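We call the chains A, B and C, going by the order they appear; numbering starts again at 1 in every chain.
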Amino acid sequence: MRSSSSVAPRLAATAAEAESFVDIRNIGKTFVARGRELQAVDGVTLDLKQGEFVAVVGPSGCGKSTLMMMVAGLVPPSDGEITIKGEKVTRPYTDVGVIFQRDALLEWRTVLNNVLLQIDVRGLKRANYEKAARTLLARVGLGGFENYYPWELSGGMRQRVALCRGLIHDPSLLLLDEPFGALDALTREQMNLDLQRIWLEDRKTMLFITHSIWEAVFLADRVVVMTPRPGRIATIIDITLQRPRRLAIRETQDFGGYAAMIREQFQAFGLLNEN
Amino acid sequence: MSSVSPISAAGLLSTSSRLSTYFYPTATALVILTIWETVTQAGWVSPLILPAPSIIISTMVEQMSLLLQMAGVTALEFLLGFALSVAVGIPLGALVVYSRPIELAIYPLIVAFQTMPKAAVAPIFIVWLGTGISSKVLIAFAIAFFPVLVDTVVGLRSALPETIHLVRSMGGSSFQVFWYVRFPNALPAIFAGLKVASTLAVVGAIVGEFVSSDRGLGYLVLVANGQLETPLVFACVVMLTILGVVFYFLIELIEKFVVRWHVAARQIEGLVNH
Amino acid sequence: MTSVRSSTTTSRRNFLRNSAGASLALATGVSIRPARAAAERVNFQLDWIPFGRHAPYYTALEKGFYSSKGLDVSIAQGRGASQGFRRLITDQAQFLFQDIGVMMGVRAKEGTKIKALACMYQKSPHTVFYIKGRGISKPKDLEGKKIAFSPGDSPKLMFPAFAKANGIDESKLQWLSVDPNSKNAVLLNHQVDAMLTYLFTLPVLQKAAQGGDDVQTLVYADYGADFYSNGLIAKEDFIKEKPDVARKFVHATMEGFKYTIEHPEEAIGFLKKHQPQLDEKTALKEVPILRKLINYDQKQGPLGGMTAEKIKATQDLMVKYVGLKNPPPVEDSFTNEFLS
């Protein structure tokens, strides 16, 4: 339950990997808006081990989404560099599944074809992936909805399709930017359970951006807390709770302790003012 | 659970609401026609200015083969003009979106060209292209292509940034971003532009015929008017209206197939909001 | 209220006052009578866009010939015979300046009793224009050629007379409808072989002809289709109801005519006030043509007067060549009573 900056013993199902999978070295990003410079991210250094579930929490505007976009290679960093599996990221990284807060499904494709978009763009053969896509959809409870269109589905269902789309090509890294932020509380809890289940089955490396303290503690092996803009790492907390975690774990003392640590950080930033 | 959405499978409108969509316009038209007939038959308006509907209809029946022949000519003119505006407007729209230098270079010129009243420019087109069909096609094109261009630009730019990021992280090239995301997403807007353009193309063809022609419904309007045959003038106008309406609905029909997803989503929104 | 002041100021003031009055009336829905309650409002419909040949009417207006007789005349430009007759028949205009031959046809077709009160173009000025050296030199050469026309104007409506008088097979002609403002261009650019309009257009065409093109004419009157062309036309009902107005109008108009022929530059000046875009030199060239057409130097009887013989000849032409049926007695078509 102690906070630490990087290497700490943790419960991992896979064999210990000494090299980092995603290596973020002193990353910074400055935007120019209305003639003024805005520094979104400042000097972030972080590494993700293979198969690790890392959550990043922070207040609005702290640059956490920007950080994720830089890992994805969709936004170039102003300073520092990112390496994934030893290769420097200079353009959009493709061995990845990306899930945004807006599901960004293509309204003109059926559910199945939305999942298979991942295959079409990569130029792979559909026939080889169709069965896997159906299985994935069934795994998230959307079996039978393959021929529905996105506008016929609820928000939670759409996000599940987005999740399948991010998994169909079996990437080794998953980047999720507040994927459940637009959903109602109950659906959100269900989605968190589903995500945990999927992660436990495949052990993909996860970088999960969220506003929600409890969501971060519930899902992650480590929680990175970022400061308000310009975003820096305030602290990294190892979460040593047992897996698989059930919803009831949120009422335990250990859980509450972690949540409290993070909340105190936020209050140190001047947020969540109770006076 | 069936694998086809029950909403897509069933018709979206119940029988009663479908009836009411036809009832109101028909009833209104009948009321207007009755008033018109009474007023003209009573002699309150000179038949030189406004003939009775019954006379217009009988003229149409008598002259149907002439009207159809002329209609065919005008139809060819506006169809070609429309096709040209699509063939030029959509690629040009894509160019404007993808190339900032091109956008800066041509957009102001196009807007200036658009504000020029084509009726004033039409005689010049005739001088350039002569008095045959090409001048009418060009005038129709000149009037119709702007909405196609503008709506293509708007449509292509309306893609959600997340969808573009996604395709890029799938390793998609710029062309693939266009093909998988930007273009399909732009289709509803493009069709809106096409529908506007369809009506404008008809106007353009007629403007061209008014300046100089030897065939077509516009030509027939002028000649009939010149011979004080007012019922025939009106018959031409009715024919033109029918052509325009049919053309418009043809495009709507194509839209239904091509952007079924958008049309259906619009209808569902409509049902939910009422 | 007669005026000893300059008649131009009076009529222009009237014009302005009446337009202001009319706008105010429209805005308030109240009819405002001008101070001279006796002034009779008259709408005079011309045959075409005003050119040099229309100077007489604007002269009559500007020199106060109308207003001094108590007439408040507004002159409207026209777009051809059909539009003009339509306005006359529906009482949007009281007097129309149009072709008398066409008048006979319209009267037979519509059944409205209309009559000529004076004739200005006593020889038909309808003309087929063509460019020399391009295959046309006489009427029969028109067969197989492309001819530009404006739908509804009298040269086209009277063309059958010209055609039949010269044995032209009309089915062998290619007609092209052209917007009036583009007709000249279309001939001069060789996009058509011939063009129908009034003789008055000759100076303009000759001036604008390109590359040494020689513009030539086939005047209907010279080729067996001579009839009374444009004159003042009104409805019989109107003349019966207001003979004094008719007399005043015809007199004032003919005064305008006389003045124009005797003072052409001044007359063109009056015209230019209403049509500032006209070129005076070209417009001036139309006045001699006008002088010939109205038979100014050789007239017998009052200026603009008509003879029963020529009316009959016009009617016969309409019957023989334009298919006029059941012609009325000749006296029904004209009257000289208002000329004296």
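As a working rule, contacts are C-beta pairs under 8 Å (C-beta built on N, C-alpha and C of every residue); 3 or more make two chains touch, one makes a residue touch a chain.
All figures in this text were calculated on a predicted structure; none of them were measured in a lab.
If touching chains are joined by edges, the resulting network of the protein chains shown is an open path.
Farthest chain from chain B (centres taken as the mean of C-alpha atoms): A.
Of all chains shown, B has the CA centroid lying nearest to the centroid of every protein CA atom. Note on chain placement: the centre of chain A and the centre of chain B lie 48 Å apart, centres being C-alpha means.
Chain A and chain C, compared by their mean Cα positions, are separated by 86 Å.
If you average the Cα atoms of chain B and of chain C, the two centres end up 42 Å apart. Shown for chain A are the residues in touch with two or more other chains, of which there are none.
Residue ranges of chain B in contact with chain C, taken from their complex: 46, 48-49, 123, 126-127, 130-131, 209-214, 219, 222-223, 225-228. Interface residues of chain C, counted against chain B in their complex, comprise 80-83, 85-86, 89-90, 106, 109-110, 148, 150-153, 156-157, 174-179, 181-182, 185-186, 189, 191-192.
Residues of chain B that touch chain A in their complex: 1-5, 7-8, 160, 162-163, 165-172, 176, 180-181, 184-185, 187, 259, 261-262, 264-265, 268. The touching residues of chain A, when paired with chain B in their complex, are 69, 72-74, 92-94, 96, 98, 100, 102, 104, 106-108, 117-118, 120-122, 144-149, 151-152.
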